[in-house]
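Data block below; observations after.
Chain lettering (A, B, C and D) follows the sequence in which the chains are written, and residue indices restart at 1 in each chain.
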């Protein structure tokens, strides 16, 4: 059960933290239609995060931070709001600060392609809860990837400026791809091994790139620290600021009801 | 003693919060010389804040937030790190988010002119501690004002762009001036009444503006909420984010030693 | 020209008198069109600017459930803006032009959004009092004389009621929490009560456009009528919640079968309307930054669409 | 030309041999100048880029005393950058050109600053281990052959020792705090130990420039010599502090009268040097943004100065 819990934390944290970055876009998108779409994607991911964190807590209650006796804070929120940075298991691509709309599109294309491949594999998972979360998530992720893919092609073939910005965005995002498919033992044992999915993900990205007329940048992997990256709790510098904002109200009220 | 404590909080919070905004400039200034100067000004203000908050705590221990039994956090830090937004007494000009370097210069000119006028009056204060803080502060503030004044003239008479940016900056800063000289009863009774200093401050600003060849913008006062502004604990929207950042580490460790 | 216009005017007046809808293809007086553009655009702008004070707390929502609720609500506001801009476009003006009028300050939005949100309780208070006041203003507009506007309002009012209940429910939950949370709710209500009352506009005596707007059926009640309705509706809700409103003159008037209440600070009201409220500059600057930052994206989308068109035709 | 140069070269070699200083007005070989520009500029850039990882925590410093200490320290780093850019300028290259080389990636800075600061303990660890390693590298440079560089180093080393003590003192204080604080210190030390060892550069066998630099007196010890000195110096400090280093091979070697230690991950080292460390892109982007955002200010200052000049002359 502990390994399943750890695995649910990984997928749950990816969703939670990436949703946090996406929700920063609210009221800032290029037009209302995109504002609504981005909020929608963030909402889907918050929903997935809630289910996955709850599953993690149920599978291994020892993971759940302890609050003062009688605190009404539910497990999903204890995990989201009362863990410190080093206990989060999300990949760094989920957490890096937002750039411009091209960065949003490039990152979303990669994140949704990757997560969709994982969730597709998990639809048949032995754990019925994980399987159900995956089945719902597959439909959501397909929409996210579609949104990102259409915008990716639009920006690639739109204007010189959009092409230039998309090129810069790819340079920022691509170095974080190897981390997505560097599998941990837990993923291999109880989840979908992302290393096995690397080819499949690469094929999808190549297809989008081909339609867009772009080529993948020559981008070596972003190093971790002594080999540790997001899955091992080694995050980027901005992550502590993201958490400070995410958690500030909840932590001020450990006995609060919301 | 309670009114003196409240007054020290006002002056201490002005220094603390404005120093926080100034310190955000670190490693971001137009050149190394300015980076050093801005850090220096922030340092002076942190120093003033420490003395004033400590004086407030000594004059009225009931103001100091309670922490768990045995906490080693000193009073100055309890006041800085463990009060909520509504308990801070700084003017809003101290807290509004940073703009460009012109905004820094315009705000610093106004803040330092105003604070210098106040501290000059407090040099002869009946409370020996306040008088000593003022005596030291006067020298510091004179330097801050000089730095701001020189840059104000430089930007005003530099290039078209610097003139335009300075004009925009003045439009952002000037509506917050009336709040600086709207005196509260406490200021009138135990401190330097800023309303009395309004003319003196206006004369200094007019002199700088004259040398710069600028005219003050026609800027009505920024409204508060039902007449309440910073001195009454009614702050601007960004203030809670400033505090979240300022306080995040300290609050995570109420029993911590630093 | 006057000769030609007379039957059109008659038909227009008959539609209004019969409480029927004017549709985009129908003839309408220039002033009616202008007034409608102003009113519907202002309403659309209010939805869009209104995303900011609540959006300010999405990243800090204190539970994942509340984060989802708030994200969905702010998203709905964008949706309302979308319908209303579409309704305005049927009057012959583009969304882009309307946005430019908003960020240049030529068109207004509801002044309530020039007040800051200072705690998470404000998310609840905005739902309860601000959306509540908006509903009082808007329900009569479902029967407004201009078709696209009326239909947009029907959909919007439905969602607004949902938001209002959600806001009230948040406050209710917080009141069952800690002392700090209860104090936070009361403090928030103290701040928003008067601005909420001002949402109905100045007293009837100072509201010069009301008469014409009522004649045209694009306004259905006076400001003071709606304000009274709101006060009467809110008082029992406050009691159920366990909070008070910061007005010593508030009390039941047996004779009028209504609550008496004190006078809002109209000086503050006009100050804020004129652009000097706590957040006016920040709200418009935020919107302008989003519009400016998005220009290259909209350009790219247009360029791509026109290429696709060329490819399709070739 | 070779004929004319011979006595100059002789004088230069004599100065070096006599452990005397070369001054800006003195003749020096082109390669010496180039190597010095590269080395001093890299050192200057390191000070400036080094402001970022610690500067990251100024706004979050957990006590006002620590905020003041950290502000002052980061300010000192800017000051060190200033001296070192001035020293580089005496070699005939402008600060502006050096900054452009930094942000275009043509010149490097110390790789240690491409690691992230993740907790407040990192402020202490950087003071203790990173400044400590820097001092080991820099103390010998006070006797370096190039005058302006050597004199800058004397001043810098004094301040760096002060910073090192402050960092160690922060960690010592935290170790007397809560369990969480002690864990935070150990975690931070675990992260920074290996990168600190790598600050001395690759093993001597892989350090092609060392020989020439030592001959010219702009480097005084090999990388491995300095690394060993640093390990020997740090071990008793760690014991006093109550932390361990994450190296199972670390142990006292009676025979060598020194500590044995394990091999840093040189693959990671080269990866980071080549630009793919956790923060390389962010550090350069931050510096570039500050430089670009400040351009209009520097332009205004120049324009103003030249006007003032004109006024003065007229």
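What we mean here is this: a residue touches a chain if its C-beta (ideal position, glycine included) is under 8 Å from a C-beta of that chain, and two chains touch if they have at least 3 such contacts.
A quick note: this is a predicted structure, and the numbers were derived from the prediction, not measured.
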{"item": "Between the pairs A-C and A-D, the one where more C-beta pairs touch", "value": "A-C"}
{"item": "From chain B, the most remote chain by mean C-alpha position", "value": "A"}
{"item": "Euclidean distance of C-alpha centroids - chain A vs chain D, Å", "value": "36"}
{"item": "Centroid distance [mean C-alpha coordinates] between chain D and chain C, Å", "value": "57"}
{"item": "Chain A and chain B: spacing of chain centres that average the CA atoms, whole Å", "value": "40"}
{"item": "In chain D, residues with contacts to at least two other chains", "value": "60"}
{"item": "Per-residue overlap in chain A, given as positions that touch at least 2 other chains", "value": "244-245, 248"}
{"item": "Arrangement of touching chains [line / ring / star / complete / other]", "value": "other"}
{"item": "Chain-to-chain touches, reported pairwise for every pair that qualifies", "value": "A-B, A-C, A-D, B-C, B-D"}
{"item": "Contact footprint of chain B on chain A as seen in their complex", "value": "84, 241, 244-245, 248, 251-252"}
{"item": "Contacting residues of chain B [partner chain C, same complex]", "value": "85-86, 172, 175, 220-227, 235-237, 239-240, 244"}
{"item": "List of chain B residues in touch with chain D within their complex", "value": "16, 20, 23-24, 26-36, 39-40, 42-43, 46-47, 49-50, 53, 72-74, 76-77, 80-81, 100-101, 153-155, 157-159, 161-162, 165, 245-246, 248-250, 253, 255-258"}
{"item": "Touch list for chain C against partner chain B, complex", "value": "53, 56, 60, 115-119, 187, 191, 194-195, 265, 268, 271-272, 274, 276-279, 281-282"}
{"item": "Chain A-touching residues of chain C, taken from the complex the two chains share", "value": "48, 51-52, 55, 57-68, 71-72, 74-75, 78-79, 81-82, 85, 120, 170, 173-174, 176-178, 180-181, 286-287, 289-290, 293-301, 303-304, 307"}
